[in-house]
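Letters A, B, C and D name the chains as they come in the text, with residue numbers starting at 1 for each one.
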Amino acid sequence: MEANKMVSLKDAVSVIQDGDIVFFGGIVDGRRPVAAMRELARQQKKNLITLSFLSVEDFLVGAGCIKGIRGCYTHLGIFGKVPCLHRALAKNELVVDEFGHIDCQLQLMAPALGLPYVASPYCIGSDIINPNYDFSEKLRALAREPERIGAQKYIFTENPFSPEHETVVLVPALRPNVAIIHAGKIGHEGTVRIEGTQGLDIYAAFAADRVIVTAEEIVPESYLRRDPNRNNIPTTQVDMIVHVPWGAHPTALPGYYDMDMEALFIYQKAARTEEDFAKWSDEWIYSLSDNNAYLEKIGAAKMMQLKAVEPYGFKPRTSVEQLG
Amino acid sequence: MSENLQISAQEKMVIYAARQLKPFDNKQALIGIGLPVLASQVAKYLWCGGLKSIIENGSFDAIIAEIPFSLFGGRISYGCSAQLDNGFALSGAKRGRVEIGFLGAAQVDKYGNINTTQIGPIDNPKFRIAGSGGAVDIGCYCAHTFIVCAQSKRTFVNQVDYVTTPGWVAPDNTKAGRAWVPRETLRLTGGPAAIITNLGIMKFDEKTKEAYLDEYYPGVTIEQILDNTGFDLDVSRAREADGITGEELTVLRTKVDPLNIYKTR
Amino acid sequence: MEANKMVSLKDAVSVIQDGDIVFFGGIVDGRRPVAAMRELARQQKKNLITLSFLSVEDFLVGAGCIKGIRGCYTHLGIFGKVPCLHRALAKNELVVDEFGHIDCQLQLMAPALGLPYVASPYCIGSDIINPNYDFSEKLRALAREPERIGAQKYIFTENPFSPEHETVVLVPALRPNVAIIHAGKIGHEGTVRIEGTQGLDIYAAFAADRVIVTAEEIVPESYLRRDPNRNNIPTTQVDMIVHVPWGAHPTALPGYYDMDMEALFIYQKAARTEEDFAKWSDEWIYSLSDNNAYLEKIGAAKMMQLKAVEPYGFKPRTSVEQLG
Amino acid sequence: MSENLQISAQEKMVIYAARQLKPFDNKQALIGIGLPVLASQVAKYLWCGGLKSIIENGSFDAIIAEIPFSLFGGRISYGCSAQLDNGFALSGAKRGRVEIGFLGAAQVDKYGNINTTQIGPIDNPKFRIAGSGGAVDIGCYCAHTFIVCAQSKRTFVNQVDYVTTPGWVAPDNTKAGRAWVPRETLRLTGGPAAIITNLGIMKFDEKTKEAYLDEYYPGVTIEQILDNTGFDLDVSRAREADGITGEELTVLRTKVDPLNIYKTR
């Protein structure tokens, strides 16, 4: 019989251990599993290493949870710097191991397809591959299972198939311990359907040891299975299902809601000082015991203001007559 | 007519950047957030309706019905041809179908090297900026990379502190010594085509690969540009750019960004 | 302005040159571009090299068009052997360069993502990687552009990231000259939507220099663009669009029609002798000047018999009450 | 009750193969076309409704409402959880989530090496069969590979002519000499769990890694099995298999393949 994968957010996040490599789904300000990130803060996980992009999860740097990142971008999009990250860097309390964007995908695609590493032509001519900026050892020192991270970030070799023997850069596979992905719809057995940007989520779902999916709606499997070509992650890769409406807020969830620019501005301003960040954390994380409390905090009126309109998948700023 | 119009510095950057796309109707371009999105939309309205916008999130042939603040929300995917993954999009330059890239810069040097990663000496950086995002993947292989940024001595430096995205002469980190070598030696294809700023347009000399001033905008002096450039800039070929037309401005203000969300005016 | 990509089947196929590496979409007996294959026979292309699977295209071996294959399977599914292939092998007129199935995908995924080669752990312990069975040189001798094919099929090396230095197999990228894909729906600008098995088609569409898509229906772009997440190949990768109803017959096209088992049995029997194969070729290829003639040859009654039923995407053998 | 039933050799293969899946409820299995599809569906009806069928075409958690003749048509994709690509499916064994594989064989030897590629000496083959398809990718890494084929001296050979899919002792082609080595030496995981034929079930000795007769079907003699085996087969541990039940047969005949499309009866 079918195993029941539905769990509470608290129980789902509790499987994450200190020193785990955690993949967060979505990109920068779109479809991020922010509710799960808040729960990580509440559970005070330590020495986490995250991947690819660091934006809204900046508060997990401030909360002392994230200590390392291998990725290509640490910024809050148009909202500017990620203040906790910069404070942590200044105190030497965070490792940022720079990577190219395609390489971020390749390091997950490799384990997703069972490959040990990938030969990449990207980042040549850049300081991203400058060996002085290889912080693999620092990441390994943080990791609970250091062997998941290659002893070197990049290894240079020659293309043995080419008569010109051009230099290629080898990118090692990196298997996250856990992937946390937020989606619009998930079937009750775990079929995931993503709207809009899919990011690296599918590769991460195949690469990670455990996959947690938080979702706006849990729908009948049969409904999603009417069009398997439209689904992005199969039941066989999903271990835990958590029902978390507005679980990507304040980032955007195409088809559901726009990003909450006001909330992101408030965060970015508050996080600039330790004092204000502590207040913000109390107000938006620690004083809110569960997702219902968070929903009340956002407020129904704000939710209606952000709600996406069909067929756009976003909330038009102008009238729909004008947009066409 | 253009002389009478009040045109902001940001609007100039958008419209002069848009003009760079004129020869590229039906070509494919990797478009970043901010001014590049505005520029590509202006170009599509006016000159190259067949230009294909590809976004690093995997949105192919994006229509961009409403100007977005994010590359990853619903405004990017809506109405595009196919929403695939980042790798398919960003590898377009290396594969060869994507010929145009639009990048921003915190620092840029005379060879068109871009830094968006960190400020300070390479062996002792002072502070971090944001990282590459998809810039390095675009800039390593695009036939024509256009750099869009405001011009000042702080941004236009003799040598960038850290090469995020390689220009015409870039460091070879695959060998000890970090020697600066021509990009062809590294087997990178294409390269920086122009830097479009609030003051003028720099291009790169065929032989020396160094930036030279190609055009300065009406109302801007060459001296003003030199005062805002931290490297030796050849201005011997400089000419005044054609003024911005009322049509260009109207398209930007009424069609592309009617709500002025990017506060270009 | 948008370039018009719509061309006739004849014009589309005419871009293929002798000695080209041609990728045919679909797998074995599903969604194969068979109408385009027949046109290749009519245009008598020579020295073609095909990839991955050789099944219904057996008649192109019989017609002298296909002279090489790098792939993992040469068989007609449950219908048995591919007779022309076995005859050609006996006469030493065909090169079959054996590959693993995942490696078939990797050799296309690599160029699709701009990678020079891929490190694969697959096929170790198999004679597929037996160096005596490396026929790269023979394939290169056939190819118009031999440099597209690695000088070696596989190169063995050690995983430099692993303390155990285990052996890995390097699979070189292979860029097809042309990919020919059959789909249900294509937008008039080239957006492709595939039903059911997608096979390696998306990788091939990104890997090949030119992409020809034959389709059952040419629909408005705007219709397909209502759900970009559901589309498989973007306009930017499609060079030619050809309207070819029943273009995958006698293979199956999920959502449109079942495979025509009778036609496949007839082929498999006829192809067993050169005489019968010549008769079959006249009857089913050379005497039929265009796709309309082919449709008449299939016959309207047979078409209705094979037509798929919603929501299954296939034609149920039992009543829908029974199937549920 | 089973003794009175008329059961074909093919039906036996399907049902005894299905029984192998009993311990694997909720596990993931890569299922090939033909008898494996029938066996997995029988197992799902009777014992392991949570078994997840994955097909090499990228259909995950396939329901298979109607038995297909093809792995690539509508019958495979219909109702599955997600239709992705071949690589995601076939790499499941290497990744580790997929523990079970079901493969056919034209030749199989005492170490469970499978040949589906060619017949004749390795340096002078006589004729080609079909090739690997996805077999090698499945068989290299699946924790438990089940081989389903009819038993005869032609198929059960001392050493296969060509190793398509490696068994417990397989040729190392990464070094000169094609030495036969234990699969662990090649860092392959898992391995052949059983060969299920029309006559009985062979398993592999923990130590010698050679096939031994585990069970012979009711009505089949050990001699009959030896007469149809081209290698030395240890029969010392052989016992008669439990007879096929009416329930098993009913499920196969009325639920799984009511139209007898595979002509198993």
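The rule is short, and it goes like this: a residue touches a chain if its C-beta (ideal position, glycine included) is under 8 Å from a C-beta of that chain, and two chains touch if they have at least 3 such contacts.
Since the structure is predicted, the reported quantities are computational estimates derived from the model, not experimental observations.
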Chain pair with the higher count of C-beta pairs in contact (B-C, A-B): A-B
Most widely separated chain from chain C, with each centre as the mean of CA atoms: B
Chain B-chain D separation of Cα centroids, rounded to whole Å: 57
Between chain B and chain A, distance of the C-alpha-averaged centres to the nearest whole Å: 28
Centroid distance [mean C-alpha coordinates] between chain D and chain A, Å: 40
Junction residues of chain D, two or more chains touched: 59, 77-78, 83-84, 87, 91, 94, 141
Touching two or more other chains - residues of chain A: 102, 106, 113-114, 121-122, 166, 195-196, 198, 202, 229, 232, 311
Chain contact topology (line, ring, star, complete or other): other
Footprint of chain D on chain C - complex, ascending: 26-31, 71-75, 77-78, 81, 85-86, 89-90, 96, 98, 100-102, 104-106, 109, 121-132, 156, 164, 166-167, 169, 195-200, 202-203, 252, 254-255, 258-259, 261, 308, 311-314, 316-318, 323-324
Residue ranges of chain C touching chain B (in the complex, touch as defined): 1-3, 111-114, 187, 189-192, 202, 206-207, 221-222, 224-225, 228-229, 231-237
Partner chain A, residues of chain B touching it in the complex: 33-34, 56-59, 65-66, 69-78, 83-87, 90-91, 94, 117, 122-123, 127-137, 140-141, 162-166, 170-174, 178, 183, 186-188, 258-259, 261
Touching residues on chain C, where the partner in the complex is chain A: 102, 106, 113-122, 150-152, 155, 157, 159-163, 166, 168, 170, 172, 194-196, 198, 226-227, 229-230, 232, 311
List of chain D residues in touch with chain A within their complex: 25-26, 28, 49-50, 52, 54, 59-61, 63, 77-84, 87-88, 91-95, 97, 141
